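Residue numbering begins at 1 within each chain, and the chains themselves are lettered A, B and C in the order written.
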C-alpha cells in the first residue's frame, strides 16, 4: 500500500511527463448529471498530489508531482494538441528552423507578463536556460539542454563550468532570440513544450531557493502557497494572455499518503480528481462512480528487456525473444491481473505519439504458444531454459510479473521467476551496474510526442536510456539519418522503418500501454479532459456553480 | 534526586552517540544510489549526479560524514533533504501530528487497558478473566496492518461510525481510528500486566489491613490497589513509546496521517539518510528522557523508593 | 502499532525481575524441582494442550507440506483468477480456500507458506536466545567492566525501535531469504534477551548454593553452566516462547511493507500483502493467510503464557 504510494512518482512519473496544457475542447461528453447546472468560472478544483520531491524550479521536476504544479504556474513556448500531438504556440509567436534545422529562431508574443508584473522577454528565456543547464545549480533535468551549442561549457563532464552562458543562445531583440544546436534536430521545436524550457523572472536569480518554494511564473495560474505535505494552492492569473487561460478559479492540490485515502475522499466529494484508482477498487470503480469514472489511454509503454550483457542473451537469436513475446497472453493478463488498467501493446511506440503505427509488432505481439515454441526451438532455445524478470517491490509490479512468468511457463515450458528488488533505487542500481541476471522490467512515458522518443532514446547504442547493452549498427545509422532529415514528416517515416528493424531484432518485449484509471467528483462540470502524458488539462476543468 | 538525575543524564551521552552511530552506519551501508534514483527509468546525467552527490556530502567516507553530521547536529543543524528542505522543518511539521496520535493512542491504551486488566484482576479465575485473556491473546496475534484494514473495513466502510481517513490531523474524531488501531496491541499488554499486578496485590498485606480498617471497597481498589499496581504498567508504557513510532509507520500509512511514520517510511524508501538519522536521533532522545522521567516517577508512586 | 516483539519482551521482562523470588523460593511440600513443578502445572492446563496440539500440527505442515496438499503453490492459471471463491466443503482440495489473483490455490500457498514463517520465528528466537542469553549471562555473572560494556551496548541497540531498525537493515538486502530476515531481526532483537538473562543471573548468583559451589572451588565454566544458568534460564525461556510469535508477526508486517521475505519464497506475509489489495471483492485472498498467521502466533503466545504461569507460581 505504502509502497505503491511512494512509488507512484516512479510509476507514472519518475519518468518525465510532458506539459500538455493545451487548449482542447472538453466537457461535452458524459452524463446529463455531469452537465447539469452551469460552470462557475471562479470555482476551485481540488486535485490529488503527493509531495513534490524537489523545489518547484522548472528544470528540477523529474517526477510528475512537481511537474503537475509547475505546468500550471509556467507556460512554455509551445504545447501539443491532445490526441494528435500537433504543435501549438503558447508563449511563442513562432519557432522556425533554418534549412538544416540546426539554428532555430524564436519570436515571442508581446505583452506577456510574469505574475510579479515584470515582462516576459527573450532574455527571460535565455537566462533561465543558462541557469538551468549549469551543472552547479543541480537541476535534475539539466541534460535537456545538451543539444544547444556551448552546453559543455556550462555543464562539463568533470570539474567546474568554464562559463555561465551557452554560446548557442543569442538574444536578437526584446522578443526574439536564436538557438544554435550542435547538430540538426528536425523535431527540436517539439522538445520545447516540456517544463524545463520555461522562462524565469529576474527575481528568481536573486534567490533561486526561495523561488523554488514560491515560484513566480508566466502561466495560467499564480502560485499562492505551499503547506508542505498538506496543500499547494494556485489561483487563476487574471492577466494571462495565452490561449489556455483557466476556466476555473484555481486549484488546491491536496496531499494523500495512499490512493485508497484519496479514492474514499473522491467518493465523498472532498476531492475532485484522483491520480489513479487504487488497486483495491479497480474492479468496482466504474460501478462506484458511474459516468464519473475516467478510463483513458496515455502514451506510455511497459516492457520486459533482456540484459544483452548476460551470457544468456549475449549471442541470442532474436527468434527466441520473439518466441518469448508470443508466449505471453497479454489479452488475458491485462483483463484479469491488471483489471483493465493497461491495453496490450502492438508496437514499440505508444499510441498518441506522432508516427505511431498500430500493429507494428505484427504477429510477435500475438499470443500463440505453438508458434512461440517453434520460434524458440528454431532460435536454439533459451539458454539454461530459465529466465527471471527483475522488478522493484515498492511498486505494484509483482502481480503482472508473476502473471507474465506463469504465462511463459505454461505456454512454452521455460522456467520463469520474478526477481524482486526492494526499492526502485536498488532496481536501478542493478541495471546501471549491469548486474541484471536475465531480464528486467522497463517503462517509458513520452518526453515529447514524436516516435523517435520511443526508439532512439531507448535503443540507440549510446542512448542514455539504453541500460540493456543493446547495440544495432543498422539501427543507429538509420536513426542518425532520420534525425538529419529536413522535415519532421521524413524523420517520422524513417523512424517507422527503424521500428520494423527493431521488430526483427527485439531489443525488448513490449507488453502493454498504460491507461489512466481515475475519476472525478460530482462537483466537476463536464468530463475532465486529459493530455497525452496521462495528466488532466487542469485549465479546462470546470466546476459546477453551487 | 537531583544528583541521581544528573548522573542518569550523563550516562545518556554515550548511549546517544552509540545509537546514532549505529543507525547512521545502517543507513549508509545501503546499496543503491539515492541521487541516481531521482532520474527514475530515464538516464541520469553523470556530471549532475556527481555534483549532487558532492552537494549532499555523499562523496565523503562514511566516518567523515558521521563526524560532520554530529558537529552540525550540536549546532542544531539536522541537514537537508534531497528536495533541499531543512530536515528540522520537515520534522517540526510531522512530530506534532504523531505526538497527537500517540498521546491519543496512549490515552486509549490506559483507559481501556487498565480498565480491562483491573476488571479481570478483580475477578481472577472467573469468566471475565478468561474472556479478557482470550481477547488480549487474539489482539496480540493479529498483525497490526490486518487489524488496521479490518477496523477500517468494519467500523468505517460498513458501519460508518468513524471517518475512514484523516483529512485534518487536528480533528480528534478523525484521529480516532488510527489511534485505536495503534493502541490495540499495547492495550492488550497493558490489560494483561494490570491483571497480573492486580491479582498479585489483592493478596498483599496492606490490602488486608485496609479491609480490616473497614475502608469502603471503592477506596481500597481506587487508591490503594490502583496506585500500587501502576508501577509496572507505567514502566511498560514508557518503554513502549519507541514501538509506537514503529507502529506509526503502518497506521499512518493506512489512514493517511501525515506524521513521522510517513516521513520515515518515505525516507527509508528513498534512502534519504539525513531524514532517517534525524528522526531516529530525536526518537532516541525522547525515549531516553521518558525512561528517566519514569524512574523518577517511581519515587512518587512508591514511597519506599528513594534516590540518593 | 507497537511492534510485537519489543513489547512482548518488555512485558515479560517483569518476569525477569521477579526471578529472585522465583528461583530462591524454598521448595514447598513435596520436593519437586522447579522444572518438575512446572511440568506438573502445565499438564493440568487446557491452554497448554490446545497450543501444543496446534504447534505439533503446524510443525508437521512446515516439515512435510506435501502431505497436506497435492497442488503446486506456484502454479497459476489465470482462468482461475479470483474466479473460484472458497469451497468450504472441498476439504483438502486445491480449491478449498479458493484461488488468488494469479489463479493459484490459496490452500496450497497457505500450506507451503508455513515453513518460512515457522523458520523465521524459530530461527530468530534461537539466535537471540543464544546471543542475548550468552551476553546476559556473562554480563550478569562477571559484573564490573564487562557488565558495563555489555549493558551500554544493549542500551544502544535498545534505543532503536525494533521495526524501524529492521526496515533499515532489510532495505539493504536485495535478496531476502529466510536466513537474511532471521539475521536482521536477531541483530536488533537480542537486547531484551540479554537484559532478562542478566537480571536473573544476578539474582541466581547470590543464591546460597552458588556461594557454596564457589567455596568448594568449582571452575568458572562449571559454575556458569552447572549452577547459575540452569537456575536463571526460566525467565529467558518464557520470554523466548512469547517472543517467537511476535517475530513471526514482525516478518509478516515487514513483508507487508515490501521488506520481508522475497520471492521465490512462499510466505504468508507476501500473500497477505497481496491479498490486502483485493479486500473489497475477494476478502478470501487476505483472510486465509492472515487467519493462518494469526493462528500460529496465537499458538506460540498461548504456549508462552502457559509456560510462564507454570514457571512463576506467584502469578497463579
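Quick note on the criterion: contacts are C-beta pairs under 8 Å (C-beta built on N, C-alpha and C of every residue); 3 or more make two chains touch, one makes a residue touch a chain.
By chain, UniProt protein names: A = ABC transporter substrate-binding protein; B, C = ABC transporter permease.
Owing to the predicted nature of the structure, the values given are computational and were not obtained by experimental measurement.
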item: Result of counting contacting C-beta pairs for A-C and B-C, higher pair; value: B-C
item: Greatest separation from subunit C (ABC transporter permease) - chain, by CA centre; value: A
item: Whole-Å separation of chain centres (CA-atom averages), subunit A against subunit B (ABC transporter permease); value: 40
item: Intercentroid distance (Cα basis), subunit C (ABC transporter permease) paired with subunit B (ABC transporter permease), Å; value: 22
item: CA centroid of subunit A to CA centroid of subunit C (ABC transporter permease), Å; value: 47
item: Touching two or more other chains - residues of subunit B (ABC transporter permease); value: 31, 249-250, 265, 269, 271
item: Residues of subunit A touching at least two other chains; value: 1-3, 394, 423, 426
item: Residue list for subunit C (ABC transporter permease), restricted to those that touch at least two other chains; value: 171, 174, 256-257, 276, 279
item: Residues on subunit B (ABC transporter permease) engaged by subunit A in the complex (per definition of touch); value: 31-34, 36-48, 50-52, 55, 82-85, 89-90, 93-94, 164-165, 167, 249-250, 252-258, 262-263, 265-266, 269-271
item: Residue ranges of subunit A in contact with subunit B (ABC transporter permease) within the complex; value: 1-3, 5-7, 9-10, 13-16, 52-55, 62-63, 135-136, 138-140, 142-143, 155-158, 209, 212, 228-230, 255-258, 260-261, 264-265, 270, 394, 423-426, 428-429, 432, 442-444, 447, 463-467
item: Complex contact set, residues of subunit A against subunit C (ABC transporter permease); value: 1-3, 278-281, 283-284, 329, 332-333, 336-337, 393-394, 396, 398-399, 402-403, 406-407, 410, 417-423, 426, 430
item: Residues of subunit C (ABC transporter permease) defined as touching subunit B (ABC transporter permease) within the complex; value: 1-4, 6-8, 10-11, 14, 152-153, 155-157, 159-165, 167-169, 171-172, 174, 245, 249, 252-253, 256-257, 272, 276, 279, 286, 290, 293-295, 297-298, 301-302, 305, 314-315
item: Residue numbers on subunit C (ABC transporter permease) that touch subunit A, as the complex places them; value: 75-78, 81-82, 101-103, 170-171, 173-174, 176, 256-259, 262-264, 274, 276-281
